[in-house]
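Supplied in C-alpha cells, the structure appears directly below.
Chain naming follows the written order as A, B and C, and within any one chain the residues start at number 1.
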Amino acid sequence: MTEKPGAAAAAAEGGALPGEPLLRVRGLHVWIEGSHILQGVDLAVPASGVTALLGRNGVGKTTAVKAVLGLVPRTGEVLLEGRDITARPTHEITASGVGYVPEDRGVFNGLTVAENLRLAERPRGRPRYGLVHELFPELRKRAGQAAGTLSGGQQQMLAIGRALLNENRLLVVDEPTKGLAPRVVAEVADAVARAAAGVPVLLVEQNLALVRRVADEAVVLDAGRVVHTGPAAELLEDAERTRELLGVSRAHNAEEGEGR
Amino acid sequence: MDTPQSTAAAPAGGAAPAVGGAEEAAPRTPAGAPADGPPGAEGTRRRRIPRWAVPAAAVVLLALLPFSTLPVPGVFEGPLNSPATLQLLATCLVFAGLATSYDLLYGRLGLLSFGHALYFASGAYFAALLMELLRLPLAAAAPLAVAGGTLLALLLGAVSLRVSGIALAMVTLAFAQAGSILVVRDPGRATGGEEGLSLEADLVPDALVGVFNTANLYWLAAAYAVLAAGAVWWLDSTPTGRVWRGIRANERRVAVLGLNPYPYKLAAFTVAGGLASLGGVAYLVVSGGVTPVVTTAEFTLTLLVMVALGGAGTRWGPVLGAVLYTYLDHRLLDVAASDGFERLPAAVQAPLSQPLFILGMLFVAMVYFFPGGLAALPARIGAAVARRRRRGPPPD
Amino acid sequence: MSTVVLLLATGLGLGALYFLIASGLSLIFGLMDVLNFAHGAFLTVGGYAAWWASVHLPFAAGGGWGFLGAVAFGTAAGTAAAFLVELLAIRPLYGRHREQILVTVGLSLAVPALVQGIWGADPLTFPRPDIARGTVGVLGAAVPRDRLLLVAVAAAVLGGLLLFVRRTRYGLIVRAGVEDRAMVTALGIDVRKAFTLVFAIGGAAASLAGALGGLYFGVVTPTQGVSLLIFAFIVVVIGGTASITGCALASVAVAMIQQFANYYTVAGLGDIAVVAVLAAVLLTRQGGLTTRTAERVA
C-alpha cells in the first residue's frame, strides 16, 4: 500500500517501475562507413551500482556508449527509466540527466578549467561546485588555466568533475584510467567509486583491478555482441572465463592492480 | 552519409524482457545504405539487357539526330535539325562532357575542386591565343591547347592535392580565381578582357564554319561528349577506378592497404583537367568564341550544380544534369522574352526573367527532395512503390 | 610618403570590408563546418536593402544621419535573410555537410540573380553621407573619410565580437563548439541554437559590409558579393578559425598585399599575389584548418 502510489506516479511520469533497469538497450545496431560495429546489443543498467562494460579492444564498447547517447547513428531501442529516448537528440538525452565522460576526455583545450565547468552548467540546474572541488581540489587551484595545458590526469579529473557537476540519473564513464600514471589511476578510481554511491554508473574499463573494486554487474562485448552478462565478482573469480572473454590472465591483472 | 536513426517507438514503460536476452531483436538494416550504392549496381536487376546496349543506342541516336526533321513543339523552336536547335543541343553536349569530367573528381573520388573552370577555360583560351598570335590552324592549335591544359592540371593538381577536403576546395578556387583575374586584366591585350576572343574563321576547316554546317558542330560536340563519358566510364571499370572508389569511400583505409592515394588522385585530376581542356576547345569551336564567363568561380559552381542535379558518381547523372541545366538556361531566357510573359505581374516577372534564379532554387529543392539527383529517381520511385506494396513504414 | 599613407589607409579600408565578411564566414565554418557560399548573397542583400531604404524610406533618406538609417535597414534585412537561411535551408540538413554546401551554392547563384531580375544588372549609385565626403589630412596624405569610417566600423564589430565570444554563454558555446561540436551536445547543450545565432551574426556583419561596401565602391551591383567573397574565403584560410583576432589580422594582411602589389607592380598582380600567399600558407602550414577539416567534409 505504501509502495503502490509511488510506483504509479513514477509510471505516469515515465519513471522506472520497481525492479526495472534504469537504462535498457535492445537490438542496438551501428554501422560506421559500411562496417557493422554493433550487431544487436542488448543490455541493462540497474537503478543503482556500477555496471561495467567489458571486452577486448575494438569490440565496440565505446561505440555502444556513444550509441546510447545518440552520438553515432544507430537503430534499435534505448529506454531510460522506461522512456524511449532512441529518437531524441543527444543534447536532450544528456540534459535530461546523463553525465558523460568520453574516452578521449573531451575537455575543451582552448577554454579554461573554470570555463569548461561553466559550460557544463545546466539552465535551472544547481551546479555542485562544492562537491567537484572537494573531490578534485586541483581544479579550483587551476581554475584560470587553459585545459589544454593540463596534464592527462588533470584533464581526466576535469572531465569527471564536469560530469559530476550536475545531479544525474546516470553516469556514463568511458575508460577513465586509460593512459594515466598509476598514482592518478587511484585518484580517478576513488572519484568513480565516490560518484557511484550517489548515481548508477555505466563504466567502460580495461583495468580489471578497478572493475573488481567498483563494479557490481558486468556485461561483456565481443565482435559487436553481448557474450556475457552477470555479477562482476562472479566473472572475475572465474579466471578461465575471464581469460576466454577478455583475453587477459588474472595474474597479470592482479599485478596491474598492485602497481597502483 | 545519412543513416537515419531508428524511429521505432516502443510503448514507454512496457513489459521488459529478461536482461541479456540476446538476439531477440531481428537485426535491421540501415535504410539509407542502399540508396547510394556503387554506380552500376542498379544494373543487376535487369540483367537481360547487355551493359553496352543503352550507351550504344544513345550514341546511334545522337549520331542520327541531325537527319531528323521531327518538330518537337514546346521543347524546341524549330525541327530537330534546324540550326538553332542543333546549336543548343551542341552546347548541351559540350557541357555534358565537361560535367562528366568534373564528376570524375567530385562524384567518383569525392574531391571537392572549385577550380575546374580553369582547365576548361585553358583549353578554350590556349587554342584561341595560339590561333590569334601564331596563326596556327585549328588542327594544330587544338592538340597543343589540350596538352597545355592537361599539363596545367598536372602541375596545379600536384600542388593542390597535398591538401584535402575544404583546403583543397579553397586552393583550387584560388588558383582558378588567379586565372580568371589574369584573363580579365587582358595582359598585352591578348585575351580580350571582358570581351573575350572570337574564333578566327579562316583558320578553322570550312566544314565547321557557317550556319549550314551547324550539324557538323553538333557532331563535334557529340563526339566530345561520347569521348569524355566513355573515358570516365571505362576508367571507372579499370583497377584504377576501383582504387578511386575506395578513396571516395574511405581514403585512410586505402592508405592502410598500402596504396598511396596521392598518385591516384593526381591521375584523376589530370585526366579530368585534360578532358575539360578538350571540352574548352570544343566550346570555342561550337560557340565561335570564348568570354571570361567560363573562367569564373560561378562557372565551376554551375558545373557542381549540373552534376549534383543529375546525380554525382552515377553513369548518366552528370550527362542528364548538364543537358537539363544548359537547356533550361537557354530556354528560360526565350520564355522570358515571349509575349505571354509580358502580361505577367511585375512581381512574378522579375524573378522568372532570371534563369539562374529559377535554376538555383530548383537545385536547392533538388538537394532536399531528391538527394541522389535525377539518376536516383527511378530507384527511389521503385523503392517507394515496393514499400507501398509491402505496406511497410517509410525508412526515414 | 603620402602615397604610402594613402595606400595604407585604402588597404585598411578594404581589410575592414574583408574582415566584416570573413569574421562571419570563419565563425560559421569553425562551428558548423559549412563553407557558406551564400555569404556573398547576404552582402548583396545588405547593399541593396540599404540602397532601397535610402531611396524609399523617409527616415533613411538624405545625406546626413539618414545614412545611418539606411545602413541599419540594410543590416537588419541581411540579418533576417541569414536567420531564415539557417532555419529553413541549413538546419534541416544538419550533419550533412556536403548537402549544406550545395544548398548555399544554389542560394549564392539564385539570390544575385533575383536581385538582378528586380533592379537590373547595372550598378546603382549609392548615396554618400556628409560624414563620408571629402578627405582628412593624415601625415600629409589626403585620406578619404569613407575609408576611416569603414575602419572605425570594423574595429567596433571586432570589439563586439570579442565581447560576444569571451563574455557571453553563447560565446562560450561557440568557442567550445569550434573545438568539438559533439562534446558540446554531449553536455546537454542544443548546439543548433548557437548555429542559428552565429549565422545571424555572420549575416549581420556581411550585410553591414554590403551597405558600407556601397560607400567604398560608390555603387552596388548584384555580383559585388561574389568577388569579395572569394577574398574573404582566402582570409579565412590564412587566418584560421581559431580566433577572431587572427581573422582581423589576416584581413588586413590580404588587403595590404593586394593594394601595395597592385600599385607598385602591375594592376591585377596584387590579386594574384594573394593567391600565391594562400597557396604557400596551405602547403607549408601543418595543422590548423588544413588537417582539422580534411576528414570532416570530404
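Convention: contacts are C-beta pairs under 8 Å (C-beta built on N, C-alpha and C of every residue); 3 or more make two chains touch, one makes a residue touch a chain.
Predicted, not measured: the structure shown is a model, and the values here were computed from it.
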Legend entry - Chain pair, most C-beta pairs within the contact cut-off: B-C
Inset, instruction - Tell me, please, which chain's centre (mean of its C-alpha atoms) is farthest from the centre of chain C? - result: A
Inset, instruction - Would you kindly tell me how far, in whole Å, the mean C-alpha position of chain C lies from that of chain B? - result: 30
Legend entry - chain A and chain C: spacing of chain centres that average the CA atoms, whole Å: 43
Legend entry - Rounded Å distance, chain A centre to chain B centre (Cα mean): 48
Legend entry - Complex interface listing, chain C residues touching chain B: 29, 33, 35, 37, 89, 92-93, 95-96, 99, 101-103, 105-114, 116-118, 226, 230, 233-234, 237, 266-268, 271-272, 275-276, 278-279, 282-283, 289-290, 293-298
Legend entry - Touch list for chain C against partner chain A, complex: 169, 172-173, 175-176, 179-180, 182-191, 242
Inset, instruction - Report the residues of chain B in contact with chain A in the complex, numbered from low to high. - result: 3-10, 12-14, 16-17, 19-28, 30, 33, 249-250
Legend entry - In the complex, chain A residues that touch chain B: 11, 14, 17, 20-21, 24, 26-27, 29, 31, 33-34, 39-40, 42-44, 70, 73-77, 79, 82-84, 86-87, 219, 225-226, 229
Inset, instruction - Show which residues of chain A lie in contact with chain C when the two form their complex. - result: 69, 71, 89-92, 94-96, 100, 102, 106, 108-111, 115, 118-120, 122, 162, 166
